[in-house]
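Once you scroll down, you'll see the structures, which are given as structure tokens.
First chain A sits with chain B, and in the next complex the same chain sits with chain C.
Showing the complex of A and B:
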């Protein structure tokens, strides 16, 4: 009896402790603290590793794990013993190859995609349904299937296409067109036809309606899709790798991949950082230009909506 | 309002491009998979005419997929990795999406930007970041051993060596897959920006919620070969994508690689069709 009494307070306090904890997490009227914790935990987990990788691109040693102080040598050194991002032939070549592919991809895929979007949105005839299906397919095809198929195409059938930049570019454009189409077609549906009909009623010729009415209205979507194509191309690893011809056509993602399989250096973190900055700048530029062109439109979201909308 | 021929003409370059560089290549894969192999040069000889098709390679691969044969383990492992990664993405991603959509009001804008950020950081860089963290002496490794997590994982049998995460650990591969693909899972759940939904392809899937996000990341995960190669590199963690990669880049048998590719595509076809239908529907009903 006395033993049972003695044990009681201890059990009470234990119970109180769990109850307080339950109350802190489970109070349905309070702040959903559990969700706050998971959300911020996730965000820290998703971003901090990348920040640490950026930090070690400035490490004054070859180590990627132990900090030895700040240096810029992995970016700018001209010492032949140091593979710096801007002076090693290999890393510089990879940067140039990535930029070249992304730039050309934007120049080719954007016009083709815009024309295809117009065609698919307004052409109602035999073949339009099948063409629509054909346009959607690349969006859902796993990249390895894309890589295998283009590799076999250029090695078995169209053997006159050289592996390297040409094959890589053809691959990048093929898998960029559909993104342009989806973005531009969405804008086309939301614009509707009334502006063009009004212009027609006022006597504008078809060519005038296209260039003076439709094109300016489509411009924001064209800019957005160009920025997205640029970012997709810069980030692409699989297609670039399957269609490369060895060292001459190595892109930055391929360089990172090869380095992780051998011994990554601070300059590997460095080149990844450079490409990340370029991607982020292109996205910000895309958002700013988009906002400039859609200024004054009703139903226009906040800047944040635009940024979020840039997520693929 | 416009001449009838204008819109078909406008679609023409894109359609021709996709026929030549998307559809034709898929047919080449079929031709190679159903073709034969030069006995001397070991080069594939594609069979372009369906009447000449040789089903030997496909049945060979199917045979190897039976329990106890070469591809069985890889196929089972691939399904396990994809399944566990998907479960991880749902477990982490759903509460996050739910919180941001329902509760965050003052911080919502900041949260959205932070959730979108990983999209614009190269997948390869995000994997490289984990190499930094988990290599000997790395912050991540030190954190895991200082907190005792390494010990717990070791005793639970999740990892086979508490100081080596980067060589043949399934745990690290699954961690890499979750880390790599979860941003693609969360954003469609958010239905992100009510705004410019048409700006991107994934938001249409938001209407389908969990299923949409799951389909979106399952497709690329089944074809992934670089994640296991980067964070493990051991044959004991190879996935079906690694087999395809090996047959093309490591070995002399692209025909078998093509046959596996055909079977993988067939296996994923239902998901691909579902995803296509969703994008198609959503892109037509977006309001102004």
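Showing the complex of A and C:
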């Protein structure tokens, strides 16, 4: 006891540096320096490799590791020796296939998802709880499993579904609907039933309540979910790969995968950059539209904000 | 304005075997400001929502001017509602919010413009047409909600705790305004609240509800001065409730034993015999010097004096162990009693009331549960009928 007391001052001087360092990092009344360090560390770790890939898509050389100056030739060149993003038949075809799939996916999955969400939010009683839970299933199923099962389905049972665009589209729509349902239903819950009741009280028949009150209020969630469906569809690799029929239905992620395994070129980085910009734009546009339509609303739906907010 | 008489007959609403409204009967004459008052879960809002048409009754009738509308969908009922959270459409501006109902009714444009302007003038919001609800204060939104409902000239206006979200000062101002508005437009207001002061200030009549039942119906004064049940006495204002043994009527008064002391109660069910409760309001308890004598005086000691500004609340421990509150008005004179002083608490017989039940919740074997209630008879009479044994 007395020994421990006697040793104390010595310890203090001995560990003065660590103590001061701890004070600098862990002072509860000071700035959250440790949090800042971890946060920025993560951001740098996750973004810098992407930025490097983008940088080398503008490299004036085939090298993906040594910088030779700026050029746009990997995007715009018409030289047959250079596979540029916009003029190489393969890359251009992949870009078109991806955009076509994503666009059709949005057009098909969004309305179905909205209607399902409306129905599910109203459905009370036996089965409604289970259905609400199972709705989340496609979100958590490993894509590889979903892909294989769809492959087996289309090759063994529903053989009239041709592989390629049709099968890929069916696959994309299948998992996209869940996202739409979850986002729109979140918004439905956050706006509650009182607006609909108010409309009914003021003499609006059910159809009018839907078009005059519910859909305008759901619009931000619908736009946000469309943007997210577009982004995840364009990003999808596994299901597109399983359900493709070869060269005609190669999407951008498939093309990048193949090209990187064979001979990676700056144009591969280029098409990746293009797809990333498109994805970012769609999500940012979705969020901005969501923000615009919900401005001035108090008590915003947290579920929707969490999902819709992931672009910013 | 014609019509607007609402009658609720044997109304029952069950949600998955939970009985929210347990067979209530109410009559609201045209042009009355009628309040349903009770704690949360007493069934008042469910009743209102059934009158509006958002819930379907399990059984019973809702008569509007004699026609049963229990199974008419809400958009075809001539009643309008002001919601607790206003439910103003956030994507529409004030004008479009108020015009919403008129447009559903396919009124000509000029008429819509005129009536919206009139409604805005009624709630003193002229010039706010282009504002969005999100850009307005709670009080202003409240007025828009009122205008939106009143512009349709309904026979009955339903209000579901419309002042609940506002701060105390604004609430007081709006209480008076609402009452004035109701007298101005002359239609039936059915008002749901858990705030007893709000109900007492505005209503022509109040129904105090508890656990899906109506405890008592009557004008505010009657409910405050002559509560028939413990629940009503306890819920409205501050009450001194005492459990006593009643010994029946003697010359129009009920002799009751409170511990070793004898009291006479001149109000309520004076013929009661057996254990029951009596009630007295704090402002009716008089404190006297310890030496004073006479009937209905019980010795006690001042336990605590709480300064309230307009008066003093004095808590007196009575000699039988009971604790009661007395309210002494602030007259500017110095208070005669301090903590620890011996006093006599004088509870005049005419201020003491014998209640008809002993519990705060309706009893399991409550005779009212099985009694035939004539639909045209106010429930209050049923509850205070002398054949209720306790």
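By definition in this document, the second predicted complex is superposed on the first by the 255 of 312 C-alpha atoms of A that agree within 3 Å, B and C clash if a C-alpha of one lies under 4 Å from a C-alpha of the other, contacts with A are read in each partner's own complex, and residues count from 1 in each chain.
Note that in this section contacts are C-beta pairs under 8 Å (C-beta built on N, C-alpha and C of every residue); 3 or more make two chains touch, one makes a residue touch a chain.
All of these numbers come straight from a predicted model, not from anything done at the bench.
Enquirer: Would you mind checking whether chain B and chain C clash or fit side by side on chain A after the superposition?
Expert: fit
Enquirer: Could you tell me if A:293 is touching chain B, chain C, both of them or neither one (first, second, both, neither)?
Expert: After superposition on chain A, A:293 lies in contact with chain C alone.
Enquirer: For A:197 in the superposed arrangement: first (chain B), second (chain C), both or neither?
Expert: both
Enquirer: A:166 contacts which: chain B (first), chain C (second), both, neither?
Expert: neither
Enquirer: Identify the partner contact of A:104: answer first if only chain B is touched, second if only chain C is, both if each is, neither if none is.
Expert: neither
Enquirer: Contact-wise, after the overlay, does A:213 reach chain B, chain C, both or neither (first, second, both, neither)?
Expert: In the superposition, A:213 contacts chain C only.
Enquirer: Which partner does A:82 contact after superposing on A: first (chain B), second (chain C), both, neither?
Expert: In the superposition, A:82 touches no partner, neither chain B nor chain C.
Enquirer: For the three-chain arrangement built by superposition, which of chain B and chain C touches the greater number of chain A residues?
Expert: Higher number of touched chain A residues: B.
Enquirer: Mind working out whether A:268 is in touch with chain B, chain C, both or neither, as first, second, both or neither?
Expert: Touch partner of A:268: chain B, not chain C.
Enquirer: Looking at the overlay, what does A:205 touch: chain B (first), chain C (second), both, or neither?
Expert: second
Enquirer: Smallest separation in Å between any Cα of chain B and any Cα of chain C in the superposed model?
Expert: The answer for the closest chain B-chain C C-alpha pair is 6 Å.
Enquirer: Of all the chain A residues, which ones make contact with chain B and with chain C?
Expert: After superposing on chain A, chain A residues 197, 200 contact both chain B and chain C.
Enquirer: So in the complex, the part of chain A that touches chain B is made up of which residues?
Expert: Answer in residue numbers: 31-32, 34-36, 38-39, 42-43, 45-47, 49-50, 52-53, 56, 63-66, 112-113, 115-116, 118-120, 122-123, 125, 127-128, 131-145, 148-153, 156-157, 170-171, 173-174, 177, 179, 181-183, 185-187, 189-193, 196-197, 200, 206, 209, 221, 224, 228, 231, 234-235, 237-238, 242, 252-253, 256-257, 259-261, 264, 268-269, 272-273, 275-276, 279-280, 283, 299-302, 304-312.
Enquirer: Taking the touch rule as given, give the residues of chain C at its contact with chain A in the complex, in rising order.
Expert: 52-54, 73-76, 79-81, 83, 85, 87-91, 100-101, 104-105, 132, 134-135, 148-149, 152
Enquirer: Report the residues of chain A in contact with chain C in the complex, numbered from low to high.
Expert: Per the stated touch rule, the residues are 194-195, 197-205, 208, 212-213, 216-217, 293, 295-298.
Enquirer: Give the list of chain B residues in touch with chain A in this complex.
Expert: Those residues of chain B that touch chain A are 1-3, 6-15, 17-19, 21-26, 28-29, 31-32, 44, 46, 92-93, 95-96, 98-100, 103-104, 109, 111-133, 135-141, 179, 182-183, 187, 192-203, 219-220, 222-226, 229-230, 233, 241, 244-245, 248, 254, 257-258, 261, 264-265, 268, 271-272, 275-276, 279-280, 283-284, 286-288.
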